[in-house]
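The block underneath contains the structure these notes are about, expressed in structure tokens.
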Amino acid sequence: MDASSLRALIEDVAAGRCTPDDAVRQLRRLPYSDLGFARVDHHRDLRLGMPEAVYGPGKTPEHCGAVVGDLLRGTDGPVLLTRASEAQVKAASAVAASLGVGPGAVSENGALSTVVFRPAPRREGSVLVVTAGTADLPVAAECTAVLAALGFDPTLLADCGVAGLHRLLAEVDTIAMADAVVVIAGMEGALASVVGGLTPAPVVAVPTSTGYGAALEGVTALLAMLSACSSGITVVGIDNGYGAACAIARLLP
Amino acid sequence: MDASSLRALIEDVAAGRCTPDDAVRQLRRLPYSDLGFARVDHHRDLRLGMPEAVYGPGKTPEHCGAVVGDLLRGTDGPVLLTRASEAQVKAASAVAASLGVGPGAVSENGALSTVVFRPAPRREGSVLVVTAGTADLPVAAECTAVLAALGFDPTLLADCGVAGLHRLLAEVDTIAMADAVVVIAGMEGALASVVGGLTPAPVVAVPTSTGYGAALEGVTALLAMLSACSSGITVVGIDNGYGAACAIARLLP
Amino acid sequence: MDASSLRALIEDVAAGRCTPDDAVRQLRRLPYSDLGFARVDHHRDLRLGMPEAVYGPGKTPEHCGAVVGDLLRGTDGPVLLTRASEAQVKAASAVAASLGVGPGAVSENGALSTVVFRPAPRREGSVLVVTAGTADLPVAAECTAVLAALGFDPTLLADCGVAGLHRLLAEVDTIAMADAVVVIAGMEGALASVVGGLTPAPVVAVPTSTGYGAALEGVTALLAMLSACSSGITVVGIDNGYGAACAIARLLP
Amino acid sequence: MDASSLRALIEDVAAGRCTPDDAVRQLRRLPYSDLGFARVDHHRDLRLGMPEAVYGPGKTPEHCGAVVGDLLRGTDGPVLLTRASEAQVKAASAVAASLGVGPGAVSENGALSTVVFRPAPRREGSVLVVTAGTADLPVAAECTAVLAALGFDPTLLADCGVAGLHRLLAEVDTIAMADAVVVIAGMEGALASVVGGLTPAPVVAVPTSTGYGAALEGVTALLAMLSACSSGITVVGIDNGYGAACAIARLLP
Amino acid sequence: MDASSLRALIEDVAAGRCTPDDAVRQLRRLPYSDLGFARVDHHRDLRLGMPEAVYGPGKTPEHCGAVVGDLLRGTDGPVLLTRASEAQVKAASAVAASLGVGPGAVSENGALSTVVFRPAPRREGSVLVVTAGTADLPVAAECTAVLAALGFDPTLLADCGVAGLHRLLAEVDTIAMADAVVVIAGMEGALASVVGGLTPAPVVAVPTSTGYGAALEGVTALLAMLSACSSGITVVGIDNGYGAACAIARLLP
Amino acid sequence: MDASSLRALIEDVAAGRCTPDDAVRQLRRLPYSDLGFARVDHHRDLRLGMPEAVYGPGKTPEHCGAVVGDLLRGTDGPVLLTRASEAQVKAASAVAASLGVGPGAVSENGALSTVVFRPAPRREGSVLVVTAGTADLPVAAECTAVLAALGFDPTLLADCGVAGLHRLLAEVDTIAMADAVVVIAGMEGALASVVGGLTPAPVVAVPTSTGYGAALEGVTALLAMLSACSSGITVVGIDNGYGAACAIARLLP
Amino acid sequence: MDASSLRALIEDVAAGRCTPDDAVRQLRRLPYSDLGFARVDHHRDLRLGMPEAVYGPGKTPEHCGAVVGDLLRGTDGPVLLTRASEAQVKAASAVAASLGVGPGAVSENGALSTVVFRPAPRREGSVLVVTAGTADLPVAAECTAVLAALGFDPTLLADCGVAGLHRLLAEVDTIAMADAVVVIAGMEGALASVVGGLTPAPVVAVPTSTGYGAALEGVTALLAMLSACSSGITVVGIDNGYGAACAIARLLP
Amino acid sequence: MDASSLRALIEDVAAGRCTPDDAVRQLRRLPYSDLGFARVDHHRDLRLGMPEAVYGPGKTPEHCGAVVGDLLRGTDGPVLLTRASEAQVKAASAVAASLGVGPGAVSENGALSTVVFRPAPRREGSVLVVTAGTADLPVAAECTAVLAALGFDPTLLADCGVAGLHRLLAEVDTIAMADAVVVIAGMEGALASVVGGLTPAPVVAVPTSTGYGAALEGVTALLAMLSACSSGITVVGIDNGYGAACAIARLLP
């Protein structure tokens, strides 16, 4: 709740346009719906410039449908369903259809899907998503789907790992022209350091859980990216393509 | 090395303005100085928009002086000496003085110091640095010193931990007006999540090694910030105030 | 074995009401049943004010039925079966029915269930159970089921994570009025710190294994809660809704 | 900020007793002092029933003195300085004396001290602090000092580790009569499980960093206490005697 | 190869009873069979007084049968097949039958089995196996099966966890009379410390992977047992009932 | 891209045999194919003397077929498909057949397979692969398959763990004659230290994830091998039989 | 407290030789002294056949003197002071002298010492202590000092690491003749596996914190020893030479 | 002991040139000196082609002198003293001088030194040692000192981290011409992956403990190097410059 709306409300009280009881009620009633099992945040889009995403795992298809429906009704912006099973996608799509909202764009993220209903209008800013290997593609898919939902039109450079540096160097111009870069890599995550040394733009690194053994399900890449010798690289959680896209939305105008 | 300079060089060869031997030599000789014990990157400021910092630990005072001197001679931008001991500060300052460069601004970071020679001109963008507790101040000092070197004039909000939420809520307007926020917190690092839910601006979180026992020298705060329930928060390494400042430089115009 | 019963026994011996041999036997025979594969503690309810729960995993349905039956016969208080499979629930319910004990209340905890036979009579004390997200609901279900078995009538506030602080602040009165609060949260577990700063009542924090990657299956939330900057918060094991309920039973009169 | 004070303020506005501008200012100005390097929470005692403690490490003696002084001036309750060096104790005591506050009670916690100024009046509730070994005494000293500051008169049972069970069993009556028990143990932390099985009262377990090698500086005891087979035990951070005392203050009336 | 057999061989050479070539061959040919995929150690029983066990996981049923058969043919002592699937048990039993060896004794270890062919003759020494909970029974089953194979007749005390100390104290005599004790416990593993304080006999502790969350799949119990405050307790690997039985065989005459 | 080819290209430009535009294009176009989802490195064999392997997990059978086909077309050397499922093997083999390349040699690595198309011609150098137990055989199978693809004819010594030292000592000559040794071991990985003390040849150690509990899925063996008291042993990642084979290819002429 | 003394006491009550009040008092008063800061266990020698050791770290010299004095007065057996500083040794020795007890035997354990007052009479059983390197000698010194206190006359084989297997094989007879072996090793701890394969006697392995980097301060050796491929090896905590000696005392007659 | 010497010995026995007793004695007496506190391996140079190094930490200066002296007397090859303090260097040099061995070459490795007495004659093979930063120089100094002792004349490329890729690319020819490369890097260790992609020669990676926070004292670099996406890279322990040099000695002819 920001200062101007607070002041407006209090001026209404002072002017007799609003009783004290009503004011208290309003101060308490920020925009969210209480569905019993969930409190859906209608205010997030206004407050943070990004929609509340519905995270699939652990929810029944019915719950997914209910929350997606509530968000479609209660807000105007894009609505996201992430890491959704087939049944969850179906349930949410049915609810959307019943509200006259067209079918969401579905991107596969391994066995799960990211679904975007009512994507935001096209937005400025060239975003580059670079992956080290083909095994990082599912995380990249989540990231580009969320970027698209937020209005971006990201470019994907797949399979640019540093073991064959020429594959990366061939794209030096593409990298240099991007307004922001997401680097998605597992194993030793060295790609983040190298890209960070090639561009002055913001670099958001996403460690992935690809690889086996000493890759420690992404912990190795995570630690390596946090210790990157290129300065000013920032990192999000393991496999968190969604978070990286949101970080981009925060930093591009 | 970007495409246009490469093309220019090759056109010089084609036009006979440059022999093939010279071209090879030039292609090989990117701008850095080899001091034997260090290769000082004169190109970084151009390439990445931020200066190469001289990291004090493990270097002799003489080495620090030599690298700082080489950077002051070889580049035009700001030169940074980080985590420097008193002897290192003295050695670097003497070299700077001998080159006609005024005394650096010294910020204390615990027992060590950050020194800024020849700071960049004032730059747009309001940066807010928020700390959870007073124990986080040394890391904040490094961060604001580097931000100043890069041309920013950061605002510091100290001691806003979530245990007394009203201390933070009192600054909601300040937070909402910042173009970018650095959140510096140890212990459980919850401040990053809460701030991330209050502003749509980019939030760079710095876990600190304050606290004892289960704080695990910053690992707890690091993991918590990476798992923050507010979306789009990015994280740098433990106690890495320098890295957070560089990340800000990348993302503000 | 407490002092008064020990003294009574010894006085019986001194008075010739009990032979030394019998005394030794009695001193050795504290109230439990040895079922061969298990020693069922009939004394726990008396000693600790809370029933021995039968933990399902690793037991055959027959074993579950046998231990539940032994407890129903050997004690008067509530009997709990936790993390039980469908087959285990069925076996235990059949045994209960054969003893004239009505069907237990079954709460779903993900794929498993908590079953309560013969719940304790209603008990004073308002207990609030707050969860950060919908994914924490299975742990909350175990916790509220055990609280109900112990005689409480807990209130559940679901989905109050700190990313949308207003959802939590809207419930400030509810939080302030509770005699004890259980905070259940995964990811970075920041909710515990924030709630701890809003109430002087005891706060028991339960880290959950929700989330992925850097959430490290609950370890991140666990460490964060142990490092909470709000003082006096206590923590139980990961996903241990049962333990939190027992802790509440210990601290409310 | 609770509902009644909010309503009172708004009624003042409605009644013209307060201008909207003033109301906004008051709503923003919760009771804390901004000392520049710290925001001292004067509201904590009211809100949480326990004073804000000044944590020594990382603060200069001057800072310690300033914060202690601000708290002595701005609140009525007890003021705590924890893990303070000799110089910090001296500085804080001087400030207290200048304010007419008598010398604090100083308890040694290894090389550091806990200092209590203006302890709370005597409070009901018998609190027992049990340690496994003599090496746990410094943590116990911090815990009992804070308990005393909060008005309790705790009993200390030292050196009751389970390797000599008779030492513990000899105190069974003392344990059974306590309203709350703090168990402080390093190494394998088994004492918490055993005590938890002997009393229905709340048990707060404090793992300590005593021992070497596989004790992993308290992590082993921490994990063991969280996995205790006695139900309803809660745990605070490693060596956190302060936190355990605050937890007791929350749960005893 | 011990000194006396070496000397005998060399004396044979010196006496012309053995050519140098034959001696080298014999010195090289210690008693094992090379089956291509495995080198079966026929010498172990002689050398170490305990048979080579065939560890099931990762071997085909055919491999299991072949190694068991080779050991039955090449040695006289007991032969063990551990952690075997149903198919592996069947294959090994068929081979044994074809060699005229009666069916092995099969003990269930969760979904897997321990099979003993040709158990050793009855051996002195009373061995007690104590478990903390019923969930530790599968590990205890492996341990007692191996002890039986080695000639012992172990006594099992199940479900003696320290949460109900009286269950354990009731067996103080049994514990005091044992020549060696195996303590099998998961969660916080406190039982090992307590038992170690009750008997002067050797105590071998086996941490188990029972429990969830902070039990960290047995690591918590392992660390706790290694840090046990009772002196002279030794520990084997997590869930290693087989190893504990072998340790007993080493230490009892 | 090495210096001589760079010079040749520039001389062509100088001589007018190549336009500047063409030169830039060539400098950018190092030999790889961009298949959209993958950038296949045709240059690796030339640059590193070893083929790019196609790592199965996470790729569809179609992707595997496409990359294998691209490599068979674009290079002359061996092509490897590692950790492939049955469907992946089938898809790749069909593509190979359609290109007139004979069926690959398939080695089983647990449930997955290593497939070698067009193996390199026979190469000098005797390579010994030693495993500690039969459970290490799948990793050894991957290693020997890759060694064969690279032209070696490795010798396998299976089941030589140090628990029966004579099994290893019997092969002292074989070990002493090898030009390089790969040691594959799980559990405590002691075999690497012992072999390293028996030969002056290079020893590459591969920790495996065999064993359970304290073996920590290969981390124990990994740490042990890195700490080996025999000097000059080097280590690759857990279960990385492929990496060990490539390391051998680097160090043998 | 064992059964026979319990029965005797109760018979005294039955016979009127002891009042019930006295019986309760006696049952409560097991033999220990409460020094306020410590409960000294006089009963341990009887119960466990080994003396209570006074662990130096964290105790003042006065405390050490007091506990040692109390034990010398209250028991007949050996008294141990472990990991003691020079001041602690001096204080304890002075107290001993004042009680007419001769100077203790002092063994250096790095900067600290183990002191033995009134060692036990010579006891049967040949104990071998083997170390992998010279850096393990301080731990071996603690172990042999405690063994001597307990009546053993251990043999020390220093510097037998597996990197030079012949150094170990030269002692095969010595190893084969020992009744029990303590293996003390850091780094990869492989010596335990190898020794365990050479003798049927009990092997107690002590991981040490020697080495650097990947040796992880003893954790690597600890894990490796717990995963040893030789069966029946048992392990004590890192650097716990004292614990290994106590384990030997438990297992030798 | 290899097969030919074994056969020779036995033939001597057969021929009566050696009594059986002598043979046994010889077979037992492999070439090492037992100094009581150490068994100095004179055989290592012959067996492994590299000298036994004397590791300083934990040894008294006298011990260092004695072992160095024994090695100088008992062998012909180079003798190494690593990680030695000033006093240790002095003691060892004095002993060397008394044996007519000239002063050793001393290389500083941080506060400690590597000393080489009697270096091996110059040996073929160009070895390149590349470091990522100046903080890695102490480890590089140990590595090059040991390489020199073994007869190599290594080239050092300092400060080639991937953040300024041009510094590395400028040395592509140097890298391509080396027979073997040692890569020494801390932080995220990405240099190993990049160098591994630029040369077909063997690459031995040494993680260093430089950096702070998330660099986890070298563990991050270690894990990253083990997970390197360039195939065939091998790794030694953290900060183990000595081990890397020995690995090079094994793999170069």
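Letters A, B, C, D, E, F, G and H name the chains as they come in the text, with residue numbers starting at 1 for each one.
Here, contacts are C-beta pairs under 8 Å (C-beta built on N, C-alpha and C of every residue); 3 or more make two chains touch, one makes a residue touch a chain.
Here the structure is a predicted model, which is why all the values come from computation and not from measurement.
Colleague: Please identify each chain that touches chain A as well as chain E.
Modeller: C, D, F, H
Colleague: State the pair with the higher C-beta contact count; candidates are F-G and C-G.
Modeller: The comparison resolves to F-G.
Colleague: State, to the nearest whole Å, the distance from the C-alpha centre of chain B to the C-alpha centre of chain C.
Modeller: Spacing between the chain centres: roughly 49 Å.
Colleague: How many angstrom lie between the CA centroids of chain A and chain D, rounded to a whole number?
Modeller: 40
Colleague: CA centre of chain B versus CA centre of chain D: separation in Å?
Modeller: 37
Colleague: Please output the residue numbers of chain A that touch at least 2 other chains, ranges allowed.
Modeller: Each of 3, 133, 163-164, 197-198, 213-215, 222, 226-227, 230-231, 237-238 in chain A touches at least two other chains.
Colleague: Chain pairs that touch, all of them, please.
Modeller: Contacting pairs: A-B, A-C, A-D, A-F, A-H, B-C, B-D, B-F, B-H, C-D, C-E, C-G, D-E, D-G, E-F, E-G, E-H, F-G, F-H, G-H.
Colleague: Note which residues of chain A are touching chain F in the complex, please.
Modeller: Result: residues 110, 133-135, 137-138, 158-160, 163-164, 166-167, 169-170, 210, 212-215 of chain A touch chain F.
Colleague: How about chain A: which of its residues touch chain D in the complex?
Modeller: Residue list for chain A touching chain D: 3, 6-7, 10-11, 13-14, 16, 19-20, 23-24, 27.
Colleague: Considering only the defined contacts, which chain F positions touch chain H in the complex?
Modeller: Touching chain H: residues 2-3, 47-50, 53, 172-173, 176, 180, 197-204, 222, 226-227, 230-238, 242-243, 245-251 of chain F.
Colleague: Touching chain C in the complex: which residues of chain B?
Modeller: These residues of chain B touch chain C: 132-133, 161-165, 187-190, 192-194, 196-198, 211, 213-216, 219-221, 223-231.
Colleague: Touching residues of chain F toward chain A in the complex: what are they?
Modeller: 1, 28-30, 32, 36-39, 41, 43-44, 52, 55, 57-59, 63, 207, 209, 218, 222, 237-240
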